[in-house]
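Labels run A, B, C, D, E, F, G and H following the written order; every chain starts at residue 1.
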Amino acid sequence: MDNRKIKAILDSVKSGKTRVAEAMDQLKHLPYEDLGMAKVDHHRELRHGIPEVIFAEGKEQEDIIRIAEAMIRNSGKALITRAAKSVFRDINAICRKHKIKAVYYEKSRVIMAGGSTDRKGRIAVLCAGTSDMPVAEEAAVTAEFLGSKVETVTDVGVAGLHRIIHAGKAFRDANALIVIAGMEGALPSVVGGMTDKPIIAVPTSVGYGTSFGGLTALFAMLNSCVPGIAVMNIDNGFGAGVLAHKINSI
Amino acid sequence: MDNRKIKAILDSVKSGKTRVAEAMDQLKHLPYEDLGMAKVDHHRELRHGIPEVIFAEGKEQEDIIRIAEAMIRNSGKALITRAAKSVFRDINAICRKHKIKAVYYEKSRVIMAGGSTDRKGRIAVLCAGTSDMPVAEEAAVTAEFLGSKVETVTDVGVAGLHRIIHAGKAFRDANALIVIAGMEGALPSVVGGMTDKPIIAVPTSVGYGTSFGGLTALFAMLNSCVPGIAVMNIDNGFGAGVLAHKINSI
Amino acid sequence: MDNRKIKAILDSVKSGKTRVAEAMDQLKHLPYEDLGMAKVDHHRELRHGIPEVIFAEGKEQEDIIRIAEAMIRNSGKALITRAAKSVFRDINAICRKHKIKAVYYEKSRVIMAGGSTDRKGRIAVLCAGTSDMPVAEEAAVTAEFLGSKVETVTDVGVAGLHRIIHAGKAFRDANALIVIAGMEGALPSVVGGMTDKPIIAVPTSVGYGTSFGGLTALFAMLNSCVPGIAVMNIDNGFGAGVLAHKINSI
Amino acid sequence: MDNRKIKAILDSVKSGKTRVAEAMDQLKHLPYEDLGMAKVDHHRELRHGIPEVIFAEGKEQEDIIRIAEAMIRNSGKALITRAAKSVFRDINAICRKHKIKAVYYEKSRVIMAGGSTDRKGRIAVLCAGTSDMPVAEEAAVTAEFLGSKVETVTDVGVAGLHRIIHAGKAFRDANALIVIAGMEGALPSVVGGMTDKPIIAVPTSVGYGTSFGGLTALFAMLNSCVPGIAVMNIDNGFGAGVLAHKINSI
Amino acid sequence: MDNRKIKAILDSVKSGKTRVAEAMDQLKHLPYEDLGMAKVDHHRELRHGIPEVIFAEGKEQEDIIRIAEAMIRNSGKALITRAAKSVFRDINAICRKHKIKAVYYEKSRVIMAGGSTDRKGRIAVLCAGTSDMPVAEEAAVTAEFLGSKVETVTDVGVAGLHRIIHAGKAFRDANALIVIAGMEGALPSVVGGMTDKPIIAVPTSVGYGTSFGGLTALFAMLNSCVPGIAVMNIDNGFGAGVLAHKINSI
Amino acid sequence: MDNRKIKAILDSVKSGKTRVAEAMDQLKHLPYEDLGMAKVDHHRELRHGIPEVIFAEGKEQEDIIRIAEAMIRNSGKALITRAAKSVFRDINAICRKHKIKAVYYEKSRVIMAGGSTDRKGRIAVLCAGTSDMPVAEEAAVTAEFLGSKVETVTDVGVAGLHRIIHAGKAFRDANALIVIAGMEGALPSVVGGMTDKPIIAVPTSVGYGTSFGGLTALFAMLNSCVPGIAVMNIDNGFGAGVLAHKINSI
Amino acid sequence: MDNRKIKAILDSVKSGKTRVAEAMDQLKHLPYEDLGMAKVDHHRELRHGIPEVIFAEGKEQEDIIRIAEAMIRNSGKALITRAAKSVFRDINAICRKHKIKAVYYEKSRVIMAGGSTDRKGRIAVLCAGTSDMPVAEEAAVTAEFLGSKVETVTDVGVAGLHRIIHAGKAFRDANALIVIAGMEGALPSVVGGMTDKPIIAVPTSVGYGTSFGGLTALFAMLNSCVPGIAVMNIDNGFGAGVLAHKINSI
Amino acid sequence: MDNRKIKAILDSVKSGKTRVAEAMDQLKHLPYEDLGMAKVDHHRELRHGIPEVIFAEGKEQEDIIRIAEAMIRNSGKALITRAAKSVFRDINAICRKHKIKAVYYEKSRVIMAGGSTDRKGRIAVLCAGTSDMPVAEEAAVTAEFLGSKVETVTDVGVAGLHRIIHAGKAFRDANALIVIAGMEGALPSVVGGMTDKPIIAVPTSVGYGTSFGGLTALFAMLNSCVPGIAVMNIDNGFGAGVLAHKINSI
């Protein structure tokens, strides 16, 4: 559409119908926005690997399905986080129609429809306790969907140093580490003292009383004595997966 | 004084001057408070080892000196925390008069005048960074003043596990551990995973931004995945010294 | 396993197959982690008395049962806190198979399976109001499970001093006091003025409005004018029981 | 002025110059505000005993003096809280001119110029520690200025119950109690358990770390297990003095 | 009982069986607590008018009924706040047996069983909005139960000054005013500018977003530009009723 | 009524029955309040366009219906926010009787009964995400009810600048912009950099973790680098609609 | 520059050197940014009345002077808020060179250099106490600088309703009201009940204790029972001046 | 040392003096710590590029110099953040002795002594306002010290989109972006919508009132609608520099 408008102006200049000064004026008043959009859309295609993701919590099922279906139709894939099982049933039906594989991860309530199967590099996901596993799974599935290989090690609490040391095998070959912990949130500091890899720390809402739904872990991570730890919002496994994939993709 | 009152009543009963009913009435109306006080004072003598301590911050020097002098006169010792150097000069003059040794600990600003020299048992004080040393010193000096042997190990950050493991020698023989840390306050958890000794955790106000003057470390310690850690107020080395001494004295 | 590796190296040195320098190299590259684990595991055996405890809240019943069964099989005992009654039914069935006694404490929702029956020393548990009783029970049951004798006194509010004074009988012979209070959290200060025993204060979430789910009691306890009070996280009766037992066991 | 306006209207009605309907209209449009002001001013004269008080903090000395001088000129008295000593010198000079006695209370930085000398009833002021004395003095001086008899008892900490019981003599005859405490703010609860008098609790900013500049004491007081305690803002001795005087004056 | 113990000692002294020194010793070891209790209990009888009140929230119905029944049996009255309707049914049955009138106030969920019918003095209760009425009712019913006359005026928001001015009639004859408001909590300041009566302010949890469940109203009340306002915990109508009754009873 | 009182006085003055001085006295003691009310009521009539609105949340349905019916009867219109669908059914029945159109907006749960149909000017409502739509609808419906034309543009997140630029068309002709966002609340700043129209920012409770139920968005908006942004309480679309309408009506 | 580029392309099209398709391509790849900038800059000229303003706090004097000089040179005016007097001396020297009048407002520390002298409309600024005057002055000077007539009324506290009613004269003719208050921040609600004008509320940091440096006033304003109040950041008189001017300019 | 111990054991095994079983025992009891340390130290050598950095704030100058000198002596370089100018003078003297270049960055108060000169890759640092420049400089200098090429673009506020778009040139070729902002902290979201590079967001303490010393910016960044943004502690330019360098070095 924009293109047609610009073409019309240029044709008119060429044919002499429109004077240059006039054409300049018209070009200036050509909706800035449209040019902008075209530009940005093109841009969006370039990064392609990270399609928009649907955060299902608080959205109505009908809306989620509608958006997801559009995504699946256009790109053959969709990632939906914090989704109820009933959402999965609908998505699965759509995927069967498009002959795409859909998986529902129960712990993290993530639906992965399609997505990268040729996974590269390596990301290690470590989590302190079994209660942190939903967040760990969300991080892992996100990174896998985007095309990264992921290895997850669970139950690596700071009160059992030997388990962390043991987990070292897993993170030695990773390009990025996602470290997940609730309560006092100390795991990223301890792991950070044992590696030179970029660490992405995710506080979880696991705990009670002064864990403040994850705030204590969050602040502990922001104050780590290990410099350069990347901190995410509470329970934001998805964000961690995205950042780890970006680093893993360099 | 009370005793004299009670004795007078009993003597009077014995001699037949006062009837039993009358004496009972007198005893009942004997100022409850005084009995109470006597009781408590006696009680206080029993625990003796922990005399009142002067928290100098916010008090006028004149008042501090007056209270300290009374203590030194009565008990031959005094502990003054958060004291300016100028306070020490005055205390030192008083101590010389009473032939008592007075020491000023510059880092923690603690004045120890007299105090136990026959120290027993063993308390280990560990602190994460050099900035935590004033609090560590306050804890150590307090426990020593009360009569405990103390060993202090500094610079045991969680980002360098080997240093903590190394410090293990110090805390293996201790009856109680005082673990001091600012920032993310993770040290008590890590140490707690390596020992079965009672741990007293002291958060410090070391840090910036979301360390919130020690609150993050405090909350991290309260949420430690190691059960049974005793937590103190921020920078409260004195309290930690008192509790450690109590445990060390059992 | 480690041992076999080391033995193989040493045998090889002995037989002359491996040179000393070579052996040294092999020993250096022997997985640090494994040595570490062995060490820590051994350590764990030494403290033995405090087995891992299952915090049931937020865990799925199936997982709880699986972990508990493993514990019961290995050690003949298990402590599960914040457990639903339905969990107890399953645990009880397992215990009957192993001929172990299992008890469900309804107020605190603690399941005690097996555990020490030869209880020693003495811990006093005091709580301010009837609403604080679940936390008091959690503390008491934990300490008993670990092997301590416990005496609990309830309804000792600061607004009725005589009741506290009365409770003095209970805590006079204790090695450690657990003092539990919600609302303004003043009880540890008042009790602390009447004894020289180590005090473990547990704030509870009892109250409304500015009790902030126990935060006000927590901060009041951290600011007690009685020095050396050990403070726990909100409602953390379990932690208090562990620490009291440690002190009681010295 | 208003009066003159109204009189003019009424005179005009009387003389027949203005019709009743017209006069009604005029009265309706008579500035509402002015009537209001007259009313309120008259009201203010009735309660008279509590003149406006100058809170000096953050005001320029010149302004303070100007307002105070107007008060002294009109009413022969003025109360200025949180005033620097230099303010007192100027006020004192003014008072000498008006032959009024002016006193500067150094601890609380209150200037009392004139004020009631015939003091009635009885208010008891109790404070927990010596650091709380400035607030206690502000409360006491305010109540005395307004015309109440005040008795102050200091150093009545909750950790020494016998001292509180002893202080009972002082508050037994009072109509209202002002109880002042920092740190854990437990004193009002303990005192409240020993009396049926109205209690006004003032939290002070005394303490460090999680005393949060008095917030912990404030919240503890609002959550007292003793019902009906009147709570003031942090360090607000002045407000406590006003309320106590109001109750004492009934 | 105590008395018998003391009498026995005195009799023994009189008869010469026990020496004075011995008797003194026995008196000293006479349980301090018992004396204390007697004292306090006697005290409690004197204030009598304010019996203990049951805060039902968080208590089990069975316990509430048991405690209430004991109160009704002993004193012929009971006040139960925050009680479910099912509690009322049981209480009502008990009251019928004892021929006492029981009333359930639905808005505030207060049960008044018996209580003073000869009400004296006057307390005015003002509340800002209809949503604040439960708290207003709790305050009013409490004061009435204790024996005060109460007049309640509702819907007196600060955005409609004329309604407040109108309400002035109600509070002109009161000895104490209870002013209840949620949201911005401005009503006590506005009312306070119009009266010299003691004002008891109760913040309510009415509002959303930054009303923070009543915290904003609470802090606004503590910061009122009207000096001497007594502030209660959020939604604490009961406390306000107690204090107002105490002031009204002077 | 007031008028009659005043008339009586004036008549009496006119007839000579009452002397001017006497009449003045009577006028002075004429209830201030009543005059006040008349004044304010008259005032209220003048602004008329903004009738009282019913905030249904936390009110009982019966009460809502009763108030709404009175409004509809008197003014032929009513606006009810945060109303359940069951409320709408009752309101609709009433409206049918009065032959007024009633609409229920499901997303925002607003009931509009009657209200202005001749809408003027122009207000633009922009919202960042689909989850913010309930608040956007509440704002839009409010402004329309009051008589403003409204255009709403949704899904204008800051991460997609081109969409914001595109929305520029909508807000170029508006007199006021309502900009709604949750999470980081950045949209008002970005929009504010592109227009000189008054901006009304509404933070929403959309988000999780450190979005703190909308507080983060609120504070971000209060700290916007664009000067003069009007900020509302969290989720307060209604307030934004009122202010936008006031500005649009100038 | 952009223009020249575009012109070159068009000329080339016109002359036939460049084909239309080629020109289209060139136009599409014309730096988006530059077009954007041109557009926005042009936009900026249109709104012109609100030039950038220098917030001096935290900036070095040298930098402030440099930026201000550029502004004065280009536009003949500059507004500098929170500026030290020493900044004014330098600005004044520059202004004298440019024959522009510069004024330093001492209370608010605002420098107004040049600015609109033909002021229109009317804005009323009300503030609660004398301590709020710096913020009131900042608001007033900002609006005047931008070209609005401003009337300021000070000392209109909610505890003296008559003064607010009196101030009504001032705000009756205003197009927008700026209402400034610290402490409990109730003034906007009270004023809001008396007018239908848009109200801009500014909380100030005046107060102590739980005023939290203005947070309590801020939250009270956000929770006002008067709908549609525009709230600014704490002490942000400048923002209020900008918004009031925008509304006054419609 | 360890090596010597191990060698001695092995030699002894070899020579037959020590039996294998005995040697195994000795090896097991070989201080775990020492092996550990050797391991970790070796590890540290591998990552080498990121030497320990001195955070000078709160440390005594004497200590800083001593630590820095050791670093310079060993590694020929040192980075000292938050250092006073007086520290630089001493460091510079030391550097001259070692013929190392030392630079003092005044805005950020960073001292760079030696450090990488062969800088690789590319990191872009963007900051919103001039007041954020100290943090930007700290980030940039840190990354350069570690060996990364850095380009800094300042004054890229969200209220001027064209400036951000313009800055796009700078960040198009970067491997990692550091985005720094105070106040509402919106810049990372806006930049994040325009690039697929990893973004490291640093909130600054720039702002007043509800900026809460950077907390608002921090929370805004944690809640960004752009997924995967790495967030640092407030003003933590150093941490951002480290993480960006790690990513840039992959």
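Observations
To be clear about the criterion, a residue touches a chain if its C-beta (ideal position, glycine included) is under 8 Å from a C-beta of that chain, and two chains touch if they have at least 3 such contacts.
All figures in this text were calculated on a predicted structure; none of them were measured in a lab.
Look at the contact of chain B with chain E and you find the same residues on each copy: over half of the numbers used there are shared. Note: centroid distance chain F to chain H, computed from Cα atoms, is 51 Å. Look at where the CA atoms of chain C average out and do the same for chain E: the two points lie 39 Å apart.
Between chain F and chain G, the centres computed from C-alpha atoms are 25 Å apart.
Shown for chain E are the residues that touch two or more other chains, namely 32, 36, 39-40, 160-161, 165, 194, 209-211, 215, 218, 222-223, 233.
Chains touching one another, given as pairs, are A-B, A-C, A-F, A-G, A-H, B-C, B-D, B-E, B-H, C-D, C-E, C-H, D-E, D-F, D-G, E-F, E-G, F-G, F-H, G-H. Within the complex, the chain C residues that touch chain D are 128-129, 157-161, 165, 183-186, 189-190, 192-194, 207, 209-212, 215-217, 219-226. Those residues of chain E that touch chain C in the shared complex are 31-34, 36-37, 39-41, 57-59, 63, 205, 213-215, 218, 233-236. Contacts from chain H toward chain C in the complex involve residues 3, 6-7, 10-11, 13-14, 16, 20, 23-24, 27-28, 32, 35-36, 38-39. If you check the complex, the residues on chain F that touch chain A are 130-131, 160-163, 165-166, 168-169, 206, 208-211.
Remark: chain D residues 40, 43, 46-47, 49-50, 53, 175, 194, 196-198, 200, 218, 222-223, 227-233, 236, 238-243, 245-247, 250 touch chain E in the complex.
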